[in-house]
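Going in written order, the chains are labelled A, B, C, D, E and F, and every chain counts its residues from 1.
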Amino acid sequence: MVQTHDISRPSRTLVEGLAAIGSASASAEISRMGIRDSHICGPVSFTPGKCIAGPALTLQFMPLREDLYGTDEYADPEKQLHRHVLYHTQPGDIVVVDARGDMRSGVFGEMMLTYFMGRGGAGVVVDGCIRDGAAAKALGIGLWLRGTTPNFHTQTGIFPFAVNVPVACGNRLVMPGDIIVADDDGAVVVPAKLVAAVREKASVHHEWEEFSRLRLREGGDLRRYYPLSDEAYPEYETWKRSQGE
Amino acid sequence: MVQTHDISRPSRTLVEGLAAIGSASASAEISRMGIRDSHICGPVSFTPGKCIAGPALTLQFMPLREDLYGTDEYADPEKQLHRHVLYHTQPGDIVVVDARGDMRSGVFGEMMLTYFMGRGGAGVVVDGCIRDGAAAKALGIGLWLRGTTPNFHTQTGIFPFAVNVPVACGNRLVMPGDIIVADDDGAVVVPAKLVAAVREKASVHHEWEEFSRLRLREGGDLRRYYPLSDEAYPEYETWKRSQGE
Amino acid sequence: MVQTHDISRPSRTLVEGLAAIGSASASAEISRMGIRDSHICGPVSFTPGKCIAGPALTLQFMPLREDLYGTDEYADPEKQLHRHVLYHTQPGDIVVVDARGDMRSGVFGEMMLTYFMGRGGAGVVVDGCIRDGAAAKALGIGLWLRGTTPNFHTQTGIFPFAVNVPVACGNRLVMPGDIIVADDDGAVVVPAKLVAAVREKASVHHEWEEFSRLRLREGGDLRRYYPLSDEAYPEYETWKRSQGE
Amino acid sequence: MVQTHDISRPSRTLVEGLAAIGSASASAEISRMGIRDSHICGPVSFTPGKCIAGPALTLQFMPLREDLYGTDEYADPEKQLHRHVLYHTQPGDIVVVDARGDMRSGVFGEMMLTYFMGRGGAGVVVDGCIRDGAAAKALGIGLWLRGTTPNFHTQTGIFPFAVNVPVACGNRLVMPGDIIVADDDGAVVVPAKLVAAVREKASVHHEWEEFSRLRLREGGDLRRYYPLSDEAYPEYETWKRSQGE
Amino acid sequence: MVQTHDISRPSRTLVEGLAAIGSASASAEISRMGIRDSHICGPVSFTPGKCIAGPALTLQFMPLREDLYGTDEYADPEKQLHRHVLYHTQPGDIVVVDARGDMRSGVFGEMMLTYFMGRGGAGVVVDGCIRDGAAAKALGIGLWLRGTTPNFHTQTGIFPFAVNVPVACGNRLVMPGDIIVADDDGAVVVPAKLVAAVREKASVHHEWEEFSRLRLREGGDLRRYYPLSDEAYPEYETWKRSQGE
Amino acid sequence: MVQTHDISRPSRTLVEGLAAIGSASASAEISRMGIRDSHICGPVSFTPGKCIAGPALTLQFMPLREDLYGTDEYADPEKQLHRHVLYHTQPGDIVVVDARGDMRSGVFGEMMLTYFMGRGGAGVVVDGCIRDGAAAKALGIGLWLRGTTPNFHTQTGIFPFAVNVPVACGNRLVMPGDIIVADDDGAVVVPAKLVAAVREKASVHHEWEEFSRLRLREGGDLRRYYPLSDEAYPEYETWKRSQGE
């Protein structure tokens, strides 16, 4: 009988703060902490407007080898590892799949993703494809993918090999339990131990940004308003007071 | 004078059933019949929501050779083979184009596709690009493409070479008259002689799937509901009876 | 202190006519003038429906070299060349960026593009990515991109190197001040000195095209209606008179 | 029983002259006749020093489709089309294979190529791989390939589909009977009807080139010696006379 | 302290037989046993003429993550996993490295490979690069690589992550202890449990092949001599007897 | 008349020391100075055994635009910029060409390279191809290339645009006058101002390396001999004394 490990998860509150920060701020902060590139490059948003953060359940695919995997998908579903990663789903979880960039295998279909949604899953990041893309979009979870295909997950060149192990996804290393922040710009990996620090730093937002955005929209000078110059500071304070009224 | 062959078509009724089945089921059934991969990999849906099935008219492009093709597009339109494939259009037909994955040539423009639509054409699958993409989308036909380009069809590196011959499209072999099933997940080739079998097998849908989908959405256990377990069967029967009321 | 050159611009009236012509007609006319391929191949429309034309401000990125560029983005903003190209913005301008096809660097973010919009900029064409894609789309400017990324512009492998110099973008050479025509089909480069000629030629549209389009939609014969045949000419004239009523 | 067409061949004398000219001169001359690019781009020389010219026998592979090709290589050898193209071999012939750039299929092995050599074949140009590469090199024929693989020709994703039909090889269109000129720089397609013209033009070599080469080797000025300047002409004539002695 | 597992090895005699068979025969036999493709596609021979077989020690690289790996190569050599895989070397072993196809990292340099050679290692298969390529070639071991680079193993985008775990190399799954057969055509994976069967089947060579090769070289008919026809059998027997003299 | 700038060159003595150090040591030292990757990735050695170092003359190609470059190669040779970069050749110089990775254009042919050799040029690094490859190899200069082609330099998609300007070559930024170190492992860029430092650091070679190499060849323990351990130090000293005899 297949046994796979669960992951450890930080508090929901801590994680949810990252969704508010967004992928761009998260990537920049992590970069300043010494991790040059945390962007999972390849999978793109299939659910515009979705912005989520959550701990990573991981699924690793390997090149298909017929002596290690039979071809009949339905012979014994309980042997299929792409099911097992979903069994670990807790509310807010994100499944990260190293599908080797394959465009000819649909890692999950509608029924698998419906189960994942029913269990409270937040989204999936696949370095590859899913099938039943239209139905999957309608589920309300977030999807970051290379594409869709009508093929099922072991139909061509890959097969699921391990659950909740370190995986490479979009040329980034993702450890089980790392936090994923994903929105329209893409998905970012936040190492579990850096979550608190990233959240704290990224939340020190510049209060004057809203003011600067307004001025720039009206044709204001970039040098004066972004970043906010000393010359423009009194103007900003006046505006700020007027906002409070 | 250019002469090109027509294709033979199965009955419309037979073909239309395949559209209802969809590309994912078609691909899986064909796979079980021994054809590993029937997905035309490369062209993606430009008309989300469109789901069609129909016989393939084929058009083959070749690398441009100036001694075999002049450069003036409008000198003698009747010599242009991309027109000739459209002359064969019958209601429900799908044009499959081997454009060699070229991103710098727009195989068809608005006028060609308007004619195709007027003749009842169902859609086009191009391993390459079209131009006038916005107008083409508005026509109501289905489009599976690698992209769009402002360039016309013989402007850069390819030219139309043959009509209704075997072509490679998206790394699949398509014979003239094969049936294409295409929807949001992509386009699939069904060999003409397998159409009846695919339709029959794919229509043996599991009646319990609707029930299972409901339960999974509510957080039901994948092991219990998909595939439907013996334990859950009585529950399913109760639900089914309640539906009949 | 950084000094960069401005570009010279043709009259707004002249340029605006090109937007009405569209990228497909522009590409075809330029092709007939001897420039085989003017399509900036790679960046695709992220703002469907947008159709613009304007003079090119150019920004060249180079592979990052740490001895020539420090890593702290905010140390001295005035040294950042991606700001300087925007300082030149005049109403209707289009920024063309050679970002080397890089998918791991976001050339501009929301604040930069807000400033550009505030100054009347028409759009940007990036052979690479931007960040804050969702906010950028909402600004109302046109965007032609390879994609989006959460990373900032010098976070990974490239850095801004020169402003308003000749650049390669999407495998086309763009000279500062060339005119860009961009719509859903893609972006096209019109050499500054050919603008008047392209506009004149492309505006000689075939009056019968509207008529032909109508007939083709109704199932009319391509050979009769496109291009309009002598046989169909009387029918066209009758239709034309009926339109005038 | 499989029947395939033979090709028509120009006189051996005519063709052999092209080998002396070499691929670079042939490409340049054809370019001046209006065919921009005749280089079969992709296959590279595996037999350095070999320089050949000969008429093209062609073999087209297509994506494997299991309903059209069985998997047992040895069931009925006479059905294998890669054998049939070789049956047409006459002394000096060159086999051109569109193997779709595939790196996982070895189009020919040692025995096939031994037969080809025994029949007087001059060389093969494969847009893909062969197997038994070391033994093949030892045969003395010319080989232009993308690489080698241990796999046999129908083991993975392609199968031989047609013999002596037009093929695309290295993104060039090759008609059966076209002349191939191949050496260390690569392989070039000379349309059959241009052979005489190419040979004539390319043989008008500049007599002064040998002289110029000598001077350049000694550090002579490029402006003076290449192309030969009027100033250097007397020096060349003096040298020429001294050679005759 | 780093601890890594060793592999289990079949008897040397059994394995050595595979080297005599060669990669092409091994690949074909494994294919007939149901494993479609056993070719490690990507790494090519850098040591022409070398033909080896041996059990696989495996080394897995992952995308570099600065929080998990420091940048100073020489701080504590004993932490470097690319050393540890070599510590397991026994005579005849082959190191298989999943270097993710990276062209900017040299997985091993001269000193590491000298140690490997000194311990009796037979060769390395790297889906990526080594450095000190010229010195490595001179060591006498077999090398199958994508290329060489001056960069060291953790200089750019990857770092060694695990030893003697399942790895993907050249799009094939290699289990620690599988047998690699590698020669000029490339490297092939033989699952440990199939070694005896492959060796047995592949050694049933056709005695007539030498005879057929001779006849084909002399211009003999492929249909008569390959495979050997009934008509040619008496001729073969006569030849065979003459050989025995 | 075309005027192009010359470069400034460090002393020959300083530069020649770098050739002795080799590309691998140079890359590692530069990496430790903060420039992560100095490897010109793409061009590979076509002249095995050659190891050179010298200042970079640079040549930039751009995508061909017919309004900016005529098609007749021989109309006015003095307008051809690929000649002008060679006019600057001084003994030991290395020409670095950004040919945009193009495989269909031969940047230099035999005559150009003969002149370069005659002037004392040390080698060329081309992110693209040359033609007349066999003759070029015979000249004795070093060649680092992506490949060869029979096509001439402006035959297809690029043309020479600027001389001795900053260029991107193999995804590295090369400034005119930077020092190139190239050998069998590849080519490396050393910023002009770092040459002395790199040379100094890289020449602090470990005297024990020769000893360690010997021991490793004999099967010595990596942990004992590389890097040289304290335990092995006395053994090393004994060996060293014995060498002196």
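Basically, contacts are C-beta pairs under 8 Å (C-beta built on N, C-alpha and C of every residue); 3 or more make two chains touch, one makes a residue touch a chain.
Remember, it's a predicted structure, so these values are computed and weren't measured experimentally.
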item: Shortest contact path, chain C to chain D, counted in steps; value: 2
item: If a chain touches chain A and chain C alike, it appears here; value: B
item: Matching chain pair for E-F (criterion: over half of the contact pairs shared, by residue number), options A-C, A-E or B-D; value: A-C
item: Chain whose mean Cα position lies farthest from chain C; value: E
item: Same or different residue numbers at the chain D/chain F copy interface, by half rule; value: different
item: Distance-maximising chain from chain B - centres being C-alpha averages; value: F
item: For chain C paired with chain F, centre-to-centre distance based on mean C-alpha positions, whole Å; value: 38
item: Length of the line joining the C-alpha centres of chain D and chain E, rounded to whole Å; value: 31
item: Residues within chain F bordering two or more other chains; value: 36
item: Interchain contacts, given as pairs of chains that touch; value: A-B, A-C, A-E, B-C, B-D, C-F, D-E, D-F, E-F
item: Residues of chain B that touch chain C when the two form their complex; value: 73-74, 77-78, 83, 86-87, 103-104, 106, 109-112, 114-115, 117-120, 131-134, 147-152, 155-156
item: Of chain A, residues touching chain C in the complex; value: 22-24, 26-28, 31, 36-37, 39, 41, 44, 48-49, 183-186, 188, 209, 212-213, 215-220, 222-223, 225-227
item: Complex contacts: residues of chain E adjacent to chain A; value: 33-36, 62-68, 100, 157, 161, 166, 168, 171-173, 191, 193-194
